[in-house]
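Note that the chains take the letters A, B and C in the order they are written out, and that residue 1 is the start of every chain.
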């Protein structure tokens, strides 16, 4: 800990960490994709009011939203093997990555099911009525009218969950997983330059976050090209340029009005 | 301990966030850009990074500073808990800053003009008109931030603070009964989270009746 | 061609439609008048089952539906025979003008895209929007949006078009363009049922006026009968309130 700060280490570490980026991204991607499936399965009984399943899904969602991810990681990591032992399946040899992905999948599923429900509720009722009025069936109305609109409404919240997942993957190292964070730990203890390794790691997370966000912004703009003057809620609060301009206009208005007294 | 960490970091975060939000909304030159950068960087990196950077970085900074100035003070005498407080306050500050700012921006401009029209000063307008309305608008955001910080406090275990989660870890390691210990911890967090959600719903209901005014 | 027999509908305890009987001939333009809450919009929405009636019978053409327990198929069939123009247009937000009109033709009527496109362009020309084929609804004025709504209904070639207060959400200066489109298609002999507050329109265009109040049909007849010589006191009161300048012989 007495070693002094050396900038060269930061770059050196940054380079070494790059080799582990794909593991982190793999966890994020697989948990979101699988999470979408879980989320849809969880959302359907609540949207269509299926008794019993509806309550079960609500409890599941509440639990995964109501407890810290770190604890969920531990619970799954230690709990699933215990449970499977009862039915005589030995998973103690299974790779840690599997448990990590399972945890983030279930966690994402809980959050995504709420996002799906919210998005479907956000679509104007008149849209579905119009679909029925031209003679569409329930299924046609859902797939052709409801879903595309719900999807475009929910991109910003969806993007937030993806970004949250990226940041939360940093916890997987506690189970000993060698993702970018795990690597940063070992680099730190190897050289005793913890600060440099964490600066490099933070920079890496930051860049990934910005790239992912830009990707979603681009996608969202595509989905919303049918709406004039649409401002993404994502842009509203974050990085991009147009966003800053629009936000500035808003602030200008407030600023001017608070200054108006003089 | 969990609650203490959560509370301290939220209070610290609220103060930082308020400053950041005000600096940005009232467009203080330079500071405004700094505030924006702070929020962007913190929100773009995991909370765990803030903790690690403070925990490992701050002592180095303090020690070299003390060595430089010639004070005999070692960072090892600072309890770990303080680093946790600082790190989480920084995290919470960025999120609070955004919550407060979006809340303030959501307040109708007409409200400000009305306040000026009855002769309030800018400070009075902010305190009596903008802030209360901004808070009620941001209630849900505030609640999810509180829950986020509550859940985030578990990270403190990684630098070995004894809070609920670490407790569970210790109990677990001694009994080899990981599962049960973590279930207990999970239930506790779940309970507290549900409680926060209940309180939020209650406050929201109350505020809505208030918003609708005296007409039943 | 359209027959409604003792149609009833309640929302909770409130009886909105109390046994409605009504006959509409082919090619008729029917206008339903009445104060708000009289049940006129509900009646219209019961005809394509956007609102599910509690009882009674609806028949359109050769299709007869028992409202007490309609099958899914019957509801779809009914909807294929009708089309609706909404108060708030309800254009599909994520589709262009052309796609909005084509959607029903391609998806429901299973027409080929080429044929659907041809038909859609034709009706859009009729409502004067030939230049806006590729615009999205959000890029149009309210009046233009409603004309697309009319085109969407027209393209389906239904046996009857239901208009639910088609001009109530429009700015006053845009009402004219929409009414003139409706007038134009009324003259082509398409059966229409129109809920509206536009009295002049009702007088000029319709040939069958219905006055509803409190969930029942109070009075019906030709426009001259209703506007000039209303028999019922309630009709008289309503007309007086809505068109004070109107004079009628008692």
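To be clear about the criterion, contacts are C-beta pairs under 8 Å (C-beta built on N, C-alpha and C of every residue); 3 or more make two chains touch, one makes a residue touch a chain.
Computed from a prediction, not measured in an experiment: that's the story for all the values here.
Taking chain A out of the picture, touching joins the other chains into B | C. In this view the innermost chain, defined by its CA centroid being closest to the centroid of all protein CA atoms, is A.
Farthest chain from chain C (centres taken as the mean of C-alpha atoms): B.
Put simply, the C-alpha centre of chain A and that of chain C have 46 angstrom between them. Rounded to whole angstrom, the centroid-to-centroid distance between chain A and chain B, based on C-alpha atoms, equals 20 Å.
Note on chain placement: the centre of chain B and the centre of chain C lie 55 Å apart, centres being C-alpha means. Of all the residues in chain B, the ones that touch chain A in their complex are 24-27, 40-41, 43-49, 52-53, 56-57, 59-60, 64, 98, 102, 104-105, 109, 112-113, 116, 121-122, 125-126, 147, 150-155, 157-158, 165, 168, 178-179, 182-183, 185-186, 189-190, 193-194.
Here chain C touches chain A in the complex through residues 48-50, 76, 79-80, 82-84, 86, 88, 90-96, 103-104, 107-109, 136-139, 152-153, 156, going by the rule given at the top.
Chain contact summary for the complex, chain A toward chain C: residues 124, 126-127, 129-137, 140, 144-145, 148-149, 152, 225-228. In the complex of the two chains, the chain A residues touching chain B come out as 1, 4-5, 62-63, 65-72, 74-75, 78-79, 82, 166-168, 170-171, 174, 181, 188, 194-195, 198-199, 201-202, 205-206, 209-210, 236-239, 250-251, 253-255, 257-261.
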